Amino acid sequence: MSRVKWLVPTIYIVFLMLPIYWLLNMSFKNTNEILGGFTLWPREFTLANYAKILTDRTWYMGYVNSLAYVLMNTVISVTVALPAAYAFSRYRFLGDKHLFFWLLTNRMAPPAVFALPFFQLYSSIGLFDTHIAVALAHCLFNIPLAVWILEGFMSGVPRELDETAFVDGYPFWKFFIRIFMPTIAAGIGVACFFCFMFSWVELLLAKTLTSVDAKPIAATMTRTASTSGYELGLLAAAGALTIVPGAVVIWFVRNYIAKGFALGRV
Amino acid sequence: MARIHLEQLSHSYRPQPRAEVEADWALRGLDLQWADGGAYALLGPSGCGKSTLLNLISGLLQPTQGRVRFDERDVTALEPGQRNIAQVFQFPVVYDTMSVFDNLAFPLRNRGMAEPDVKARVIEIAEMLDLGASLANRASGLTADGKQKISLGRGLVRSDVAAILFDEPLTVIDPHLKWRLRSKLKELHQRVRRTMIYVTHDQTEALTFAEQVVVMFDGQVVQSGTPVELFERPAHTFVGHFIGSPGMNLLPCEIDAAGVARFAGHAVANASRDLNAARGKKTELGVRPEFVHFAGVGIPVQIERASDVGRFRIVDARHGAQLIKLLVAEGEPVPERQAHLAFDAQRTRVYADGWAVA
Amino acid sequence: MSSKTPNQKAWWLVLPVVLLVAFNAVIPLMAVVNYSVQETFGNNEFFFEGVRWFQQVMQSARFREALQRQILFTAIVLAIQLPLGVAIALAMPRRGIGLSICLVLMAMPLLIPYNVVGAMWNIFALPDIGLMGKGLNELGFSFNYTRQPVAAWITLVAMDVWHWTSLVVLLAYAGLSAIPDAYYQAARIDGASKWAIFRHIQLPKLKHVLLIAVLLRFMDSFMIYTEAVVLTGGGPGNATTLLSIDLVKIALGQFDLGPAAAMSLIYFLIILLSSWLFYTVMTRDEEH
């Protein structure tokens, strides 16, 4: 690889790491040092911010809540998307094309449009401030995405596999779970990854539907920003910690990232 | 036009191959010469190294050891674009956005040929390939065999091409079109008389196309000869088993004290002379089903089954644990249960550790 | 490709999906439509208003300005992210440890919660305590995004490019990886130049992924909310008040249900129509 070629991704990655480095930098300082001067690394390195977050219930519960509804949503979305994607991939039925298109349009709905109606809807059925509410609300855009991704992978599996299994006497669900799902394991992984990603990062709806019990970390952070008047070090540490689950997930799927982004359709 | 000489070619895909470990090497000690204008086939099973060899000739790979020469010129370090070869791949490679004409013109334009010359040449080659009518069409619209013809055309269109290499080009072609493309290739070879090297694992393709077939197995050349030679005098058990359908019979044998080859105690007359050298190695008798027949005396067998394959029948006969196949012409009677078999001595050989004994 | 068989029982398989999505989509949308044609003075009393709210929204200068800002933002962002993403994908290593590192690091911005993205850049661009803000000011530029609209726009665009270009890179990279080696080999044999390889092999094969990238980026940039609001709050003034920000202000801030609902529907429709247009234009290109 020529020298110049290396430069392009390198410069880009440096650009990506700069704000993250700045965040980490601040998270290891106390707020006075941050506001007092400008230093490229902490003059007084401190872990106090992290300690506070990991020990204070109002803080760490934010992460727990976020992880809770994200995992719930991923499980629900992928579970219901699997049979639906199979139907789209293998069968023609009344309204199938329209249904598929309608599903995709939900991905195009601005969350801002749904903020108030969701608030009213989930309140009216008594689910306000619960994890399941956010998990269900995120289904709006995650299920269509999961169906779309899974359908792409399933279409790559020849029908002969299904037919052979049926001829061999497998009942449908046994075939689906024992034979079909392992075949599209990569697709399921990709779908889970994207559902996790889009649910973890989405915050307008998560904030709107929660107040105390299921408050996601985002809400805790913004509340701190406005009321305590900018405890910057603390906020930086909180932010840095939100990057951790994402980094962990990426590390686990690093071998599949390139393939996964092909979404089975490229 | 050129004579191609592969000198002591060895290749490994590992960065640090160990000389004594056979498994590290895709090709070992190959030494081959291809004369100008011949039609050659490289035949062998998947993984035997034939695609590696092809890529070494075309320059897509640099050999770990050895040299490649075109007409005494050492081209080992040269890029494919500088080597005057053309290659047709397993699946059709066409430039989708361009028309058939532009596809064929592409290699010429890249080399700076004047437009009128380009046009004349492209039309000439298109006629040869029966693509004349589709020149203005988008290349992506053609069927698989049409696209392969375009790939071939890009090779023919350059007059400086020393050899055209084919890497299993009929893989994605529909079965009923395969024979058409095969005949076209043969016809083209007669016409342009360029060296063509055709890699395949299909013996029919190899034996019908080539004047000279190189059979490869496990990174080595096992035999090189005309289709008839390969059929009648296989130099290796692999050749015997791979070529011909059904393949050659291989019967375990011993060389007795008198230097006579014996199968299950029965002496078998054969064409191998130097049998003493074979002692101590794994010895087998090889004879094709075509050259086995029923006789009054010979090896006693039980007839298991006779399958009808059209013009003849394949009879499975058993002596003890050993299965022997023979071919019987249509109409000829097949004994019911027991019979005796004799082998055509001139067509029977002893093989020691897989290699034919002279 | 085997064909699909007709089977009406397949509806049972899609039923859970339909129920969940419809619950989240149809009911709220019905509520929105409801509000958009009604007026309320509280006490849960509603009066039918017809298209009054739609007219009000369409004629309001505030809406039109927000729409213009939004279109400008999306255009700038697409114009930067698409070529940049493809260029980076072309320059990335094809295999090896370098590739793994590249992919992991590039994917990181995509998994950071939107509010943290906004907060990071909020501080990063501050003129006194932010690396970028301070740096620019040291270099002689007068840069304060909390006061200067242009600076606010630059920061907003920079943040979005930082946040989302990797999506284009990963999609383009996946597309490039799918090109079989034989194409490159044939091009070498044909003596093609690097530019010819890009034009005739890479770009055509990338068209499909690029379509996905364009659609996703168009939709998401048109809907942007959290990171923009955390970064600038829509300011200074309303310099960076994009459509979502304006809508939430009206809906949750002022509780003007009628206009908010009407605006929501117009907003949704714009995205739907534009996406459909994009999709049709780009796939029609493949057909002839």
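Observations on the structure shown:
First chain written, first letter: the chains are A, B and C, and each begins at residue 1.
Keep this in mind: contacts are C-beta pairs under 8 Å (C-beta built on N, C-alpha and C of every residue); 3 or more make two chains touch, one makes a residue touch a chain.
This one's a predicted model, so the numbers in the text were calculated from it and none came from an experiment.
In summary, no chain was found to touch both subunit B and subunit C. When every pair of chains is scored by its C-beta contact pairs, the maximum goes to A-C. Distance between chain centres (mean CA atoms), subunit A to subunit B: 54 Å.
Subunit A and subunit C, compared by their mean Cα positions, are separated by 16 Å.
Subunit A contributes residues 1, 5-6, 8-9, 12-13, 15-20, 22-23, 26, 34-35, 38, 40, 66, 76, 80-81, 83-84, 86-94, 96, 99, 103, 105-118, 120-121, 136-137, 139-140, 143-144, 147, 155, 158-160, 197, 200-204, 208, 217-218, 221-222, 225, 232, 235-236, 239, 242-243, 245-247, 249-251, 254-255, 257-263, 265-266 to its touches with subunit C in the complex. Residues of subunit C touching subunit A in their complex: 1-2, 4-8, 10-11, 13-14, 16-18, 20-21, 23-25, 27-29, 31-32, 87-88, 91-93, 99-100, 102-116, 119-121, 123-124, 128-132, 134, 162, 165-166, 169-171, 173-175, 177-178, 208-209, 212, 219, 222-223, 225-226, 230, 243-245, 247-248, 251-252, 257, 260, 264-265, 267-268, 271-272, 275. Interface of subunit B with subunit C (complex): residues 58, 60, 79-81, 85-87, 89-91, 93, 95-98, 106-107, 110-111, 151, 154. By the touch criterion given at the top, residues 180, 182-183, 185-186, 188-193, 196, 199-201, 204 of subunit C touch subunit B in their complex.
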